[in-house]
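Next up, some structures in structure tokens.
Both complexes shown next keep chain A, but they swap its partner, so chain B is in the first and chain C is in the second.
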Partner chain A sequence: MPLATKRASVWPVVAVLALGVALPFLLSGGFQLRIAMLIWIFAILSMGFNLLYGYTGQISMGQQGFYAVGAYAFALLQIKLGLSPVLAFAGAVAICAVLGLIVAYPLLRLRTHYLAMATLGFGLILNGVANRWIDFTGGTAGLTVPPLTWGGEALGRTGIYYVVLAIAGVVFLLHDFIARSHVGRALQAIRDDETAAAALGVPVRRYKLRIFVLAAAIAAVAGCCFSVVSLRVDPSLGEFHILVSMLTIAVVGGLGTRFGPLIGAAIVTILPQLLLQFGAAETLIYGAFIVLFLLFIPHGLAGLVENVRWTRKSAAPARTAATNVLEVKG
Partner chain B sequence: MNVPLLNVSGATRRFGGLVAVNEVSFEIGPGQVCGLIGPNGAGKSTMFDLITGVRPLSSGSIHFMGRDVTQEPAHSRSPMGMSRTFQIVRLFPGMSVLENVLMGFQPKFPDGVIRSLFGIGRLGGQERDARQRAYEILDFVGLADRAGDRIDELTLGQLRLVDIGRAMAASPRFLMLDEPAAGLNDAETNNLAEMLARLKADGLSMLLVEHDIDFIMNACDKIVVMDRGTKIADDIPARVRTNDAVIAAYIGKRAHDAQH
Partner chain C sequence: MEKLSYLILSGVTNGSVYGLIGLSLSIIYGSSRVINFAQGDFVMLGALSAIMFVTTFNLPWFIAIPGVIGVVMLTALALNYGVYRPMVRRKAPPLTIMMGTLGASIMIYGIGLLVWGPDQKFVPALLSLKPLIVGPLITNPQQLAIIATFAAFLVLTWYILYRTRFGLSIRATGVDPKVALLMGIRSERIVLFSFLFSATVSGIAGVLVGPLLGGQIGMGLMLIVKGFLAAILGGLGSPFAAAAGGIAIGMMEALMAGYGTSLYAEPAIFMLILLVLFVRPYGLLGDYEAERR
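So, the complex of A and B:
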């Protein structure tokens, strides 16, 4: 079969993860390692958003809400119930999955900007709760998260990095599995034409619900990772700037692409650091950079690379026997 | 006699005050190719939507292979073996030509992420087979060399062939084509007629909507004629040609158009 008919391979993802494993040896100092962890965390968050919006076409402006709930639940389950970090992690993800289902059920009949507004409202409500329900959430001061331990001692920075990497790796592989499989095609079909998708046997509503729940659970995973790294959760987790970062990552990296979330997360995390030397002009340059992206690379950096095969014509293949094309059932 | 493959009984669909399909009943037997003709706005495409579940009926019922599917949603009818194209081609612009055809295999794959992960060992082979078959189908419709192209690089005729290929990919028992020859040039139309003849020879049942009368007369075992939502004839092609009501409603209109 010609190249155009081959399924995409998992190896690029494995290579990137291998680079992730090597990273602590290539970086100098804790600050760079912290940046690397933030990249993975934002990549996780954006992968959920990418599956939901990039692949399925269902926008959610409330992902930062699930991110915050995940982080708070992870902290609170340890503080109030004394759960181990592993159980608190599982609990936090489960809570967000259930919350996602509750939110998705009534909302997913909405489309485009109506869905955007409704999910944004959900995010704002959660943020209000985090700020005001002081007894439970610690109010604006937030909560302190117990550090991860290993053999009775607090885990060092490199250890924490590998924990985050392992979790990000699982999410990355899952994201990529979906993107490369028939499930990803079904999601794209829903995004492109719901009626045609249904006529081809895709249970549209059920898939939308499932993917919304998955995106909520993935946001919770990112939230847990953030609490592990920062050892503190506060209401800023659920605020607007998280949403803006996520949208910027989507634009820069490319929506509905396999590597867009990671590439976008890397640029959005590293670029502001590089621009610090410009002082007050930083925000201006950053903003101009985003606008240029929108104008000239609307499908993002990953879109540039991943669509190459579409523009490259496949070599004219030999004609195959067409007689056995149809298996007509009796 | 055997159970008919498709039984449409008293099918009615209203859009507000307009009755697009009005108490229409007909049957299609196994292996039969049925034509559905009628002037513009007769309700042919709406009939397709009712049969495939894209739109609900206002009243009446649809039986497929002896089973009442009236309440079944569209996505559970296609895995039973119904497959259709749309009058206005509805391909997925975000996917390549091959991926569009691959969507026809969707019901054969495990449903959802979790089931797919459990079946991950077999999934690779399944995907490879599906791709091989999708490629063969593209070859069958003459578009093998466009497998990796984007949808917007194709002509209207080619898009229609991809749509037909995607419908064929589902290995349907019953294939429904809504004006498959619209937008095709003469060579492509002949090619299509030849393809349909081969499918028919393989025993596939079909329902064809087409404005090209000769095309329909040649391809079909029987023809259902609709006019303003109502069935006005249901007969073999030779007798439909000479049916007075049909001539008045449809062929007469054509003759009338031709005089001007």
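So, the complex of A and C:
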């Protein structure tokens, strides 16, 4: 049986990125451009989560913690050490990757619920530290991030948009490459059955560790982008509602799909703007979205779209090499 | 010495609440292999509906307590029929069902936001909060009531699980739902009962702890995490191990806050639990649950 993404080409991704390049000319006003930037940032964050949970089946509810650590590290490296933004960016991503490795090493011994709750505890503790370690993190007031400059001048809104788009494009291509390559197939095999994957020669533990660290680093990238856009970091970055948005994006967009994170991010960012009159009911609607999608459209909107275009191989998305092997054995 | 006894008492009090949540989680987990993420929200509903019945509607406690239990039971019914059962019928894996309960938890939070607003509220105390001196200890009736309720629910759970035919069918469902079904046990009813029972336990815990913590719609999140940490520290497989884990976490928290600073109490507990998980991934008293799919 052919594996899920063999025929999938890179062109849809390139088309989406081309649309991204054209977007500033299509949108009117700075507000819409800001929404577009937020979509890319949430898409980056969710791509890491998608690789980790959607493809590998390892849930992490501490991604918002890495997101916040990335943003704080980016700000602090510039403020305290006076590093240039590029170095601070590299430093922030490296710090999160190391932190991810330290956390992943013991936590990845756990599975399913245990992993979910342990990573959630990790995220909540980071949020507590950001709130209470006032000397270092500025407490609830947060920190101001110096604006990006180009040739001595502060970068305009469109310039920042292209910076965010370039970073998001790289992450998107990486996400897509992993999804389509042998690595993606190995990850899906781990998701479907670890024992069978190990029997097929997939180094399960090493792949899980790598993908957790990668997801942490991608969350840090998203955090850096956010602090570039908003020019400040505060503890709300690591709060539960970021996790809620991320999970909603994952479920609405479609877990383990190539375009799920982007579609979900677009919907979760644009929808609240349309729902402004609901105000306080927004949380309720998010929750209802998660429940209804899990019940009725479990593969998300991207799952629907990808099913239409590649009917033959998406007809049985759960069948991968690992399950086939198991069925032969059983 | 006085400080130590005070800290131990407050540790046991908080630990009892974590233990009750751990117990509730473990009961649902035992019958359905699902972690109910909305468990902390039952505590929140308990505390805030106590405000609604007692302060807003001015009802006496003997009507308010059944009212609170009614609220949490209705929510548990909605959770069971609206999320758990449809997802099981669609053959969703346990982690996906947990995402469903997380969605439900967010919905409960959203409804709470509409009804009670985001502010912290004063929860009326069932018993007086006046200091009471028992031997060397300074305490108050509310604290003692929490500890007594914890003990009472432990005994009740033990009685139901190990001294009734019904408890035998609960345990059978926990071992293998399909085989239990073949033996004529209606697994779905067992799960429904475990949802209702654990919602009641958590709701009453909410009524009792509300006056000490203050009622706020976000309180469920921290409590579910503490309850879950309690359950993994002790072992999710057994309600009593989970309850013991709750006491342990409450004590550690109180002692670290008393002799160190509360800033480091949470990270320290988390590190300790990581250490425990590293050595025993299935909890101190638990079985091999964590490594089983």
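Following the convention adopted for this analysis, the second predicted complex is superposed on the first by the 285 of 330 C-alpha atoms of A that agree within 3 Å, B and C clash if a C-alpha of one lies under 4 Å from a C-alpha of the other, contacts with A are read in each partner's own complex, and residues count from 1 in each chain.
Here is the rule we go by: a residue touches a chain if its C-beta (ideal position, glycine included) is under 8 Å from a C-beta of that chain, and two chains touch if they have at least 3 such contacts.
Here the structure is a predicted model, which means the values were calculated and not measured.
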item	value
Partner chain in contact with A:Pro203 - chain B first, chain C second, else both or neither	first
First, second, both or neither for A:Leu143, with chain B first and chain C second	neither
Which superposed partner A:Asp192 touches (first chain B, second chain C, both, neither)	first
Touched partner set for A:Ile44, first chain B, second chain C, both or neither	neither
Partner chain(s) touched by A:Thr283 [first = chain B, second = chain C, both, neither]	second
First, second, both or neither for A:Ala215, with chain B first and chain C second	neither
Contacts of A:Val183 with chain B and chain C, given as first, second, both or neither	first
Of all residues in chain C, those that touch chain A in their complex	29, 35, 82-83, 86-87, 90, 92, 94-96, 98-100, 102-111, 113-114, 218, 221-222, 225, 228-229, 232, 236, 263, 266-267, 270, 273-274, 277-278, 281, 290-291, 293
Footprint of chain A on chain B - complex, ascending	52-54, 73-76, 78-79, 81, 84, 86, 90-96, 98-99, 102-107, 109, 111-113, 116-117, 120, 123, 127-128, 130-137, 139-140, 144-145, 147-150, 166, 168, 170-171, 173, 199, 202-204
Touching residues on chain A, where the partner in the complex is chain C	57, 59, 106-107, 109-114, 116-118, 120-122, 124-125, 128-129, 132-133, 240, 244, 247, 251, 280-291, 294-295, 298
Chain A - residues contacting chain B, complex	1-7, 174, 177-178, 181-183, 185-186, 188-189, 191-193, 195-204, 207, 210, 214, 256, 309-310, 312-314, 316-317, 319-320, 322, 324-330
